[in-house]
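Given below, in the form of structure tokens, are the structures.
Next, two complexes with chain A in common: one pairs it with chain B, the other with chain C.
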Partner chain A sequence: MRLKRSTAENYLFILPAVIIFAIFYIYPFYATFNLGLRAWDGVSPVSQLVGLRNFKEVLFQDRLWWPSMWHATYITLIALTLQNALALALALACDRQIKLGNFYRLIFFIPPVLSEVVVGLVWKWIYNGDYGLLNYWLTNIGLGHLARSWLSNPQTALTCVAVIHSWKGFGWGFIILLAGLQTIPRQLYEAARVDGANSWQRFWHVTIPLMVPVFVLVSILTILGSMQAFVLILTMTGGSPALGCSVPVTRILGSMRASLRFGYACAQGIIFGLILLALSFMQIRISKKMKQA
Partner chain B sequence: MNHKRNDIKYKVRRFSSGAMVNLFLLLIAISCLFPLLWMFGSSLKTQATVFSDMSIIPKVLHWGNYYRAWTEGNFGVYFLNSVLYTVSVVIGIVLVSSLAAYAFSRLQFPGKNFFFYMFLAAMMIPLPGSFVPLYVLMDKLHLRNTPHGYILCLINVGLSLSIFLLKTFFDKMPTDLEDAARIDGCSKLGIWWNVALPLAKPALAVIVIFNSLNVWNEYILALILFDDAKFMPLQVGLATFHGEFVTQYHLLMAGVTITVIPILLIYIFMQKHIVKGLTAGAIVG
Partner chain C sequence: MKRTGIFSMLLISLIVSLAGCGRTETKKADVVIWHWMTDRKKAFNELAKRYQAESGRQVEFKLFAPSEIYSQKVRAATQAGTLPDIYGILGEKKDFAIFVKAGHVLNLNTEMSDNIHEWRNKFFSKALIVNEFEPNNEFGAPAGIYGVPIDVTNIQMLYNKDLFKKAGLDPESPPQTFSEFITAGKKLKKAGTQGLVSGWAETWMIDCLASNFAFNIMGEKKVMRTYAGEVPYTDPDWIRVFSLFKEMADSGVLASGIVSMNNKDAEQNFANGRAAFAFNGSWCVNVYKGMNPDLNYAAMFVPRVSDEYPMLIWGGAGSSFMVNARSENKEKAVEFLKWLTDEKQQAYLAQDTNNLPANKYSLTNISPLLSQFAQTMENTTHPNIWPRHEKSVVIEAFDIGIQSIILGTKTPEEVAREVQEVKEREMAK
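For the complex of A and B:
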């Protein structure tokens, strides 16, 4: 009897967490799948069961869905290359100068702590076609012919957003990569130097192989983060499909708020979630294979 | 002789490559700080000069913009809302997650692993667009467009990671003091509050700062849950202001500055904890 009471008491410790989790995570999880099978405008008391029709429409009929997927992929590809290359270059530059490293770490991590709304609003203004600082500077250094309405031009808008996304995110990669570099024992570099390896060979044969797990971690984080990023693009361009600036999450938001199709929005969310899940499984498998090799 | 020349050549090369590296670091650092400087400078211009004066810091500083943004721009209300949400959510997360983490680390009960892995799984499974069912749920519970509804939603957002971080911390913590307290007749709840929590301060600092940043910067749930401007936090307030007063860039930038300053202060003073928390979070996620 005493044992039972003490067990019940132990449950009380996790009870608040479990209740909040059940209401705000598990129920919405279930509701997503339930609503995904229905047509509902979010207001009327009844919804209509339509089976898999929403899913079919997302996959085969929605003309805006796959382009939005491509836009997110484009942002992700730029983040994987530009952002991570920059992060690695900066981490390598700071690796040997610990004191400077701490100073730069303070600076480089400022963009990641700012909100996407703040970053979006400030850069949107710098990019502004009529009054923006970028065009002003371009004109002043004699490159006036390059000046344009950066964010209202379908040819440049997405790239401009992707660059700012990378600007906002490289500090993350920098910190993780720098932490990884600092775990590499210095003796390994010494040994390589004694064996006559030059700095490039030391980088290629010592640094790179030991950093592979960190590279994998950073790319998983970049892919999952960039595919789902949307507040920045919403702030800078309104997520407009006409500007080539829609991403899956802005489409979901649009289905819910503009078209009042809640069921359809949930179906889009499920399909996108499954794609993300598949991506991260792929990454984990690749990283396991690389560890074995 | 020859040897000496080579030495000089080597030194020159090393110096110039070092200079290049430092120049590169410096340029990137400037690119990180410049937008903040531009934001701040613009917030001190007037409606007339904000589009024509391209100097970084204007000659005449119009501090009155801050007063106007705070009152006419409604940023005073947004600011207090943001403070209220951040403080409430963080207190909620600290209490709820530390109770659960303590139980997962120290107490025995059937299904312990199941519940723990449930929280862990929530961090791994991506749920894009989860704001749709949350909106529906809050509407049903009549919690939409209420501060406490929003606060509860955000407590859940930070819960899993905080439980995980605290549990790992408790697992590494020696139990001697807790044992002593138990022998002295302290209850489990008493041990959690009087012994475990004070010892877990380093981990709690990470959780407090990490969640403060998250709540302060949260946008999407606030956007869909609130209809009334009197409940909106800063992030949504900024977007609303931008939508309504497209040309008032000096006041908008004053609002952005008001939003950024608390975050920068927290960041600069708590830098170490933030870096620790974010790398820990990254490794889990």
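For the complex of A and C:
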């Protein structure tokens, strides 16, 4: 009887959390999925049940959906490599006892705390083909032939956006990687040094294996953050030129705002969410295997 | 006992928090109006003061900007049942029809017809028609007048007189035909001046110019037959429309980066003398005045491509207000809108905000530039008054296709084929 009462009390204690989770997570997910099965314009009091038609259209008929997925993947690949390599290099540098270490930590964390809209507008100006700073600098150092309308050129626009996304995001990776590096016991490095390991061997055999969980965390955060990037894209290009910078989130917004297909937008959202979920699970599995190896 | 106490506190805080999610908006004014027009904020507030002084009724204008956010707020309010007494609907006629069919907009037919159409007759006919649904319309909306225009607008070209002079062009005789326009663009380019700027990242402005050309080349009937699926986009006339954009891109008359330019950037470029031509709406008079009061420019009609059919530009009601059919204050709201669209108030709005008034008797004392826009009101058309409408997916493929032509990544023929494919797929649904 006492056990039963204790169990009931425990359930009562988690009840507020369960209610909040149900209201703010489970119900919205259910409502989104339910809307994905319907044709609805966002205003009418009634919606029409269309079954899986919206999902089928997103997956097999929407000629702009998969290119937008590729654009997001491209931004993510740049972020995973360029952004995280930069973050790791700077974290390794700051992990050592260097002069002004705290100052650098502060400086490296400035881009992530800036507003994405402000960053987008500033870089849009820098990239401007007519009066942008980048073209001005290129011309001044004798590389005028490289000057162009960076954000209007389909060959450069997406890369420009991806680079700025990486620049803005590397600070998060830097902080997490630095925190990870500082948890590695210094004795391990001392022991490796005593055993005759050089810097590279210490990095490869001590740092890398112990940092795997941190790399996984940073990679998952990078993938989730980069695949869902859209504020920078909206500010810098609006998805142009010719949808060359469109990403799934801008497509979802377009379905809602331009086409008034709320049900279709929900189906796009569900599919996109499932893709991200699958990617995260895959990454966790890979990291577990790596740790076992 | 202690644990039960903690739990009770948690439960109470949860209930209090959730209670906070309910409606909190309290209405104090007699009439509440939502709008998105940042440039008219001061003028609206002044008019609200004047109305209170005259009628004793308090009107509150609530501004929500930018327009995309405003649109989302209005849509959310339809679901939450918190629409104000008066509001505006942004979007195409099909969006408007959705609100009408859902019962969110009051039919003003009776009010407009009272006293031998006294109220109705004050407006430019093209301003009112945008707010009207004919019997048996394609949207299935009940027939009636559902909106009150507060200004009219049209979209045409502007040119910078000083840059014209600098390039050796006559500032008093802007190009009238497409070939003259291309020639002028080449001269301007030679003089180191950018040609045409417009917000073509916001694709609807591309759609606007393309449909101007389409009406001029093939006439309204053929355009409507295309929308009905009877004429393919691979028709030579449509390929001609697409080719005009290639011609503009190849000749250098388009400013660099035009396809990723939003209209605000385009307006800044033109106002600061960085481009000789702009394709923009009559609202630009106020915008340019704010950005550069000394800008020496004039309006010009969109250069015609053919003499076979008239060149029609987009125009009609600029901004309109709708009365919430479920509002308890709808009679007061209608009274206020009647007052707002009276000659005196319309003239004040036109002078203060440099927008064309919807009341045709308020045109006195408007600026010469606005007069230029007003003179072309008879040559306007608008998708909202067309008997047929293209599907949004096809419009997107059309506009993005034109961007690709300008960028040189696709030919007019390729774009025509792609648009037709999308059209056929949509028709098959």
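Heads up, the rule we're going with is that the second predicted complex is superposed on the first by the 262 of 293 C-alpha atoms of A that agree within 3 Å, B and C clash if a C-alpha of one lies under 4 Å from a C-alpha of the other, contacts with A are read in each partner's own complex, and residues count from 1 in each chain.
As a working rule, contacts are C-beta pairs under 8 Å (C-beta built on N, C-alpha and C of every residue); 3 or more make two chains touch, one makes a residue touch a chain.
Values in this document were obtained by computation on a predicted structure and should not be read as measured data.
After overlaying the two complexes on the shared chain, residue contacts for A:157 are found with chain C alone; chain B is out of touch.
When the two structures are aligned on the shared chain, A:208 is found in touch with neither chain B nor chain C.
Residue contacts after overlaying the shared chain place A:85 against neither chain B nor chain C.
Residue contacts after overlaying the shared chain place A:221 against chain B, while chain C stays out of touching range. In the superposed pair of complexes, A:61 makes contact with chain C only, with no contact to chain B.
Once the two complexes are overlaid on the shared chain, A:284 sits clear of chain B and of chain C alike. When the shared chain is aligned, chain B and chain C each come close enough to touch A:42.
In the superposed model, A:106 makes contact with chain B only, not with chain C. Put simply, more of the residues of chain A are touched by B, taking chain B and chain C as the two choices.
When both complexes are overlaid on chain A, the residue A:146 reaches neither chain B nor chain C.
Overlap of the chain B and chain C contact sets on chain A: residues 9, 13, 16, 20, 23, 42, 130-131, 257.
Taken together, the chain A residues at the contact with chain C in this complex read 9, 12-13, 15-16, 19-20, 23, 41-45, 61, 63-64, 128-131, 149, 151-154, 157, 237-243, 254, 257-260. Of all the residues in chain B, the ones that touch chain A in their complex are 21, 24-25, 28-29, 31-33, 35-36, 38-39, 42, 51, 54, 95-97, 99-100, 102-104, 107-110, 115, 118-119, 122, 124-137, 152-153, 155-156, 159-160, 163, 188, 192, 213, 216-217, 219-220, 224, 235, 238-239, 242, 249, 252-253, 256, 259-260, 263-264, 267-268, 271, 274-275, 278-279, 282-283, 285. Of all the residues in chain C, the ones that touch chain A in their complex are 3-4, 7, 10-11, 14, 18, 68, 71-72, 75, 78-79, 91, 94-95, 98-99, 101-102, 104, 194, 201-202, 255-262, 274, 392-393, 396, 400, 403-404, 407, 409, 422, 425. By the touch criterion given at the top, residues 7, 9-11, 13-14, 16-18, 20-21, 23-25, 27-29, 31-32, 35, 42, 86, 89-90, 93-94, 100, 104-119, 121-123, 125-126, 130-131, 133, 136, 167, 171-172, 175-176, 179, 217, 221, 224, 228, 231, 235, 248-249, 252-253, 256-257, 262, 265-266, 268-269, 272-273, 276-277, 280 of chain A touch chain B in their complex.
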